[in-house]
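What follows is chain A paired twice: with chain B in the first complex and chain C in the second.
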Partner chain A sequence: MIFAKELGDTLRGALTDDPRVVLLGEDIADPYGGAFKVTRGLSTAFPQRVRTTPISEGAIAGVSAGLALAGYRPIAEVMFGDFLTLMFDQVVNHIAKYQAMYAGQATCPVVVRAATGGHRGYGPTHSQSLEKHFLGVPHLRVVAASLFHDPREVFSDFLGRDEPVLYVEHKLLYPQHLTLPVNGRIGDLLATSEGGPLPTVRLSAVPVEDCTVSVLAYGYQAMLAAKVIERLAMEEEIFAELLVPAQIAPMDWAPVERSVAVTGRLVTVEEGADGWSWGTEAASVISRRLFGRLRRPVDVVASEATVIPSSKTKEASILVGSAQIEAAIRAAAR
Partner chain B sequence: MNPVLVPTNDVNSEHGILVMWFADDGAEVEKDELLAEVETSKAVLEVLAPVGGVLLHTAAKGTEVPLSQPIAHLFEDAAARSSFIEQQAAAAAAAPSPDGPRATVKAVQRAAELGVDLSTLKLDRLITVKDVEAAVAPAVPDTLPEPLVGAPGRQRILIIGAALGATQVLDILAGSRTQQAVAIVDDDTSRWGAEVHGVPVVGGSGRLSELFATGVFDAAIIAIGKSPAVRARFREACSAAGVPLANAIDPTAKIATDVELGQGNIICAFCHVATGVRMGDNNFFSAYNSFDHHSVIGSDNASGPSCYTSGKVTIGSRIRFGTGIVIEPDVVIGDDAAIASGAVIVSSVPAEHAVKTKIVTTTVVPLRR
Partner chain C sequence: MSTALAPARTGSDERLTGFAGEPLDQRRYRRMRFIRRFEETLLQLFEEGALNGTTHACIGQEADAVAVIEHLAEGDHIFSNHRCHGHYLAHSGDALGLLAEIMGKEAGVCRGMGGSQHICAPGFKSNGVQGGIVPNAAGIALANQLSGNDAVSVVFIGDGTLGEGVVYETLNMAALWKLPLLVVCEDNRWAQSTPIAANLAGDMAARFAAFGVPVREVDSTDVEELSAIAGEEVGLVRAGAGPRVLLIHTYRLCHHSKSDDERPEREIADRWLVEPLLVHGQRLDEADRRRIDDEVETALGEVVATARALP
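This part shows the complex of A and B:
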């Protein structure tokens, strides 16, 4: 089953198991079933609890906050993550603050799902990966969908806790099939999962002791990076270990530290614009914790800090893709 | 061969459902003939033949198809269609079986060079060049040379390590009337059978126990200067094999009165070990090292030339010293530290720490004439 359907199935399960779950979003009801078809069929099965909203992300955030304060479990869909900016005030100043402000007497467990990312030729305002602006907001978790994490476990974690969470879903993951670890492997790569219900998945062609570079990536870029590390291993014996966290903020740095302690080199990959980013935070933390054990500075791979063009060719020259990931790993492993 | 693509500008859909085939698999169709209908989230799309030809379906009715991939191919004639199907089948058959060994491109090349059959490597993971090379039996000479017979009354020394460290130890022993090198062992099989300054390399460290038991040598010296960790490992190997270590002290070295020396220390030319010094085992100190009075030194250390301590310095074990290092009185240097060349150490260094120095470069310019 493709990721969009796995996710739809997850939401169906959540609606079935938990009567507090409510889905809100633009055009999510049947027959359209959402721009990426994640919610297809759900409004037919749960007409009272799966509701199409007006085109206002601000309203979606506000209504979700109210529902969550009143004891519901709203899961809001943002059709294009670019418009998370319209939710920013509600998320930062209200949703993320209630629990701490009222010493736990109020909770606001809103789940915001946002379709993010480019490589589709959607142009400047429908292609961005803006999650970096939400990293470091106190009491807000940011989790990235990946093909290496079962969305059922991810949502069971979301719905089992009282904190708000932003779940970013790269558009290009929707048509892909999940590739979960089975018997310590994902395809031909060795795979281990470390840490809790939202683990960091570690992938490599050979045991980490033989790897000379660690790669940290999430979401769609993690899927690309997995293919790159496998190809570099098979064709050139450049061995890298890929680390794919589900939760990108706050981060559990321990698996990254363990990997870099062995390889001495770290490449981070993200699709968002370069600078002030997830990768630069990783560089700061790992440089501090492993000072003296790094063999070279941390390499941060991110997209060019400019407007994303509509032309697919120009877009490809700006956004991070396999070529940039491969070049960075080669340079680091040299 | 021409691919049949679904005509769509629908940026919201990655996939569609192939609702109906209007032309059968294998049928001969005209250009612009209706072939199929595909339903996306926005519309039902008609797929027309881009050219005339013989049709090969690549997707079945009712299945979900990616909109970026062809749903069929059109061929000039039925023969071209058949041969394409045969090629596809052959390619599928030629693909490596999932049960066969998986190896990197370089490993496959190396295996061909070395004549290794990859299927004999029973590894449940990706096979690399390292695995292939490990599988090759080392090229061992048929007969290993015999150790030398020592002169009567001299301590017969076996040297561990046949690289440049061995030549330094041999140079020290060359001036000795009490010790004589009779053999060298080294784990690099390519050195086996060779001689270093007339002393034969008689095999690897695996022979330690056997050679000692047959009484061909009396004590060993570890002639490896670079790595304290390796020195420590071989010292433990000797200890496990019951092999004693011997000191090798250059005749130009000054060893003062009231000095306690352990075993296995290599002390090169013009070293100074001052009165009251206590030195452990298995250190490798290069030329012009000076340990001033009442300094205490552990084991398995290695230094470059010209390292000087003041009095009452404490040096732990397994420390790597560079070249040209000066240490102030009463300084304590912890185990497993590493000290860069040129360091002037004025305060103590904790265990497992590195002392780094600013790199001072000398500028070299052409002479003005």
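This part shows the complex of A and C:
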């Protein structure tokens, strides 16, 4: 079953199990069922709690905040992650602040789901991965969808906790099939999961002791990176361990540290614009914690810091894809 | 749910919030006097250097808080803004918790985390960013609607807040969904230092009416007149009439925050002639007024002494 359908089933399960769950978003009602069809069928089953909204991201987030303050479990859909900018005030100055600034007397567990990412030719305002602007916002968790994490477990974590969370769903993941670890493997790769309900999944063709580079990636880029490390292992005997966290902020650096302590090399991969980013934070943390054990500076792979062109060839030239990931791993492993 | 005028909260000091059986005109005067003297005391404490940060007093607007909030009941919710002290005191009577909060003490309502603009207590919240509280209050109204109760969600905004786009996003959504939301807009004529003429185009009431949200407009500092209207508005929202707006034209007699007032002195002086305590105080006997003034003064003196002594 494709990821969009798995996610839709997860939301249906949440609505069924918990009468406090409310879905808000633009065009999410039937028969349209959302721009990426994730919520198809849900408004028919739950007409009161699945609501199509006007084109008003600030109010979508703000009304979600009020629902959460009143004990409900709102899940807000942002049609294109680019539009997260229109709810930034609500996320930063309202949703993420309430619990702490009211000294724990209120909680505001809003889940914001945003369809992010490029490679679809949607151009400068419908293709971005803006999550880096939310990394480091105090009391806000940022979690990235991946094919290696079961959305049921992810949402069980979201709905079982009192903190707000931004869940970024790269739109190229929607038509893909989940590839969850089975018996310690995902396809031909070894796979282990570390740490709680939102684990970091570690993937490699050979045990980490035989790997010469660690790769840290999330979301769609993690899917690309998994294919790259598999190919490099099979065809060229370049062995890398890929680490895929679900939660990208705040980060549990322990699995990354354990891997890099063995390989001595780290490549980070993200689709967002280069600089002031997840990867640069990783470089800072890992360089400090493993200073003296790194064999080379941390390599940060990110997209060119410019607008994302609509033209297919121009878009491919600036966004991170398999070629850039492969080149970085080759360079690091040399 | 009863729409009888809300009694004082249990545990609050009756000298500040009103004695059981006290005539209504005395109780209203007492509550306004309490808010007025609390704010003036705060400004004095700021000058002394006893307080940290900033504050936004509501001197001149006390009648709005008292008139609206006396119609609210257990289960209702108030969302307020940066100028929230009057609303909070009218709601809770909790002078010590608020003063301790503004003093940054552990005994404050938010343990010193929030300060003057960020207050949370049962049935009450405030936030210092303009506009964003409006959808938050609408979300609480949606929660009440989904729960099937008849609670009312009230949000206090000012004329300056009408510059924020999310207000209009929310009015639209609240009207579409018939949310039990009462927006109380206190038009005090000045957004910080900017007069309304430089801040607001067109007709204020028409902005709400454009969304099909009924607007009740009143130009008054008379708590009795305001209360009669507020009672009807709260009652209509509670009865399921959908969102409504109570637009009160009033005036802020003090500076915006601490010492930032460049407004024409004459304009301010004229408004002191119709300030709420004066307007309503005329209904009381001189002796009752003095007695209430003294009781409020004594009680607030105790609050300040207690707060100062807190760790």
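The rule we apply is simple: the second predicted complex is superposed on the first by the 334 of 334 C-alpha atoms of A that agree within 3 Å, B and C clash if a C-alpha of one lies under 4 Å from a C-alpha of the other, contacts with A are read in each partner's own complex, and residues count from 1 in each chain.
The rule is short, and it goes like this: contacts are C-beta pairs under 8 Å (C-beta built on N, C-alpha and C of every residue); 3 or more make two chains touch, one makes a residue touch a chain.
Not measured: the values here are computed from a predicted model.
Superposition of the two complexes onto chain A shows chain B and chain C fitting side by side, with no clash. Looking at the shared chain after the overlay, A:Pro175 reaches chain B, while chain C stays out of its contact range.
When the two structures are aligned on the shared chain, A:Arg120 is found in touch with chain B, with no touch to chain C. When both complexes are overlaid on chain A, the residue A:Pro54 reaches chain C alone and has no touch with chain B. Judged by the touch definition given at the top, the superposed model places A:Ile329 against neither chain B nor chain C. Look at A:Gln105: by the touch rule set out above, it reaches chain C but stays clear of chain B. Using CA centres, the angle subtended at chain A by chain B and chain C is 140 degrees, rounded to a multiple of 10.
Number of chain A residues touched is higher for C, counting chain B against chain C. Aligning both complexes on chain A leaves chain B and chain C separated at their closest CA atoms by 26 Å. By the touch rule above, chain B contacts chain A in their complex via residues 11-15, 41, 66, 102, 104-107, 125-126, 128-130, 354.
Of all the residues in chain A, the ones that touch chain C in their complex are 22, 48-49, 51, 53-54, 56, 58-59, 61-72, 74, 89-90, 93-94, 97-98, 100-103, 105-106. Residues of chain C that touch chain A in their complex: 77, 110-111, 113-114, 118, 120-121, 125, 127, 129, 132-144, 146, 153, 165-166, 169-170, 172-173, 176-177.
Those residues of chain A that touch chain B in the complex are listed here as 2, 32-33, 35-37, 120-122, 174-175, 188, 190, 205-207, 210, 233-237, 239, 292.
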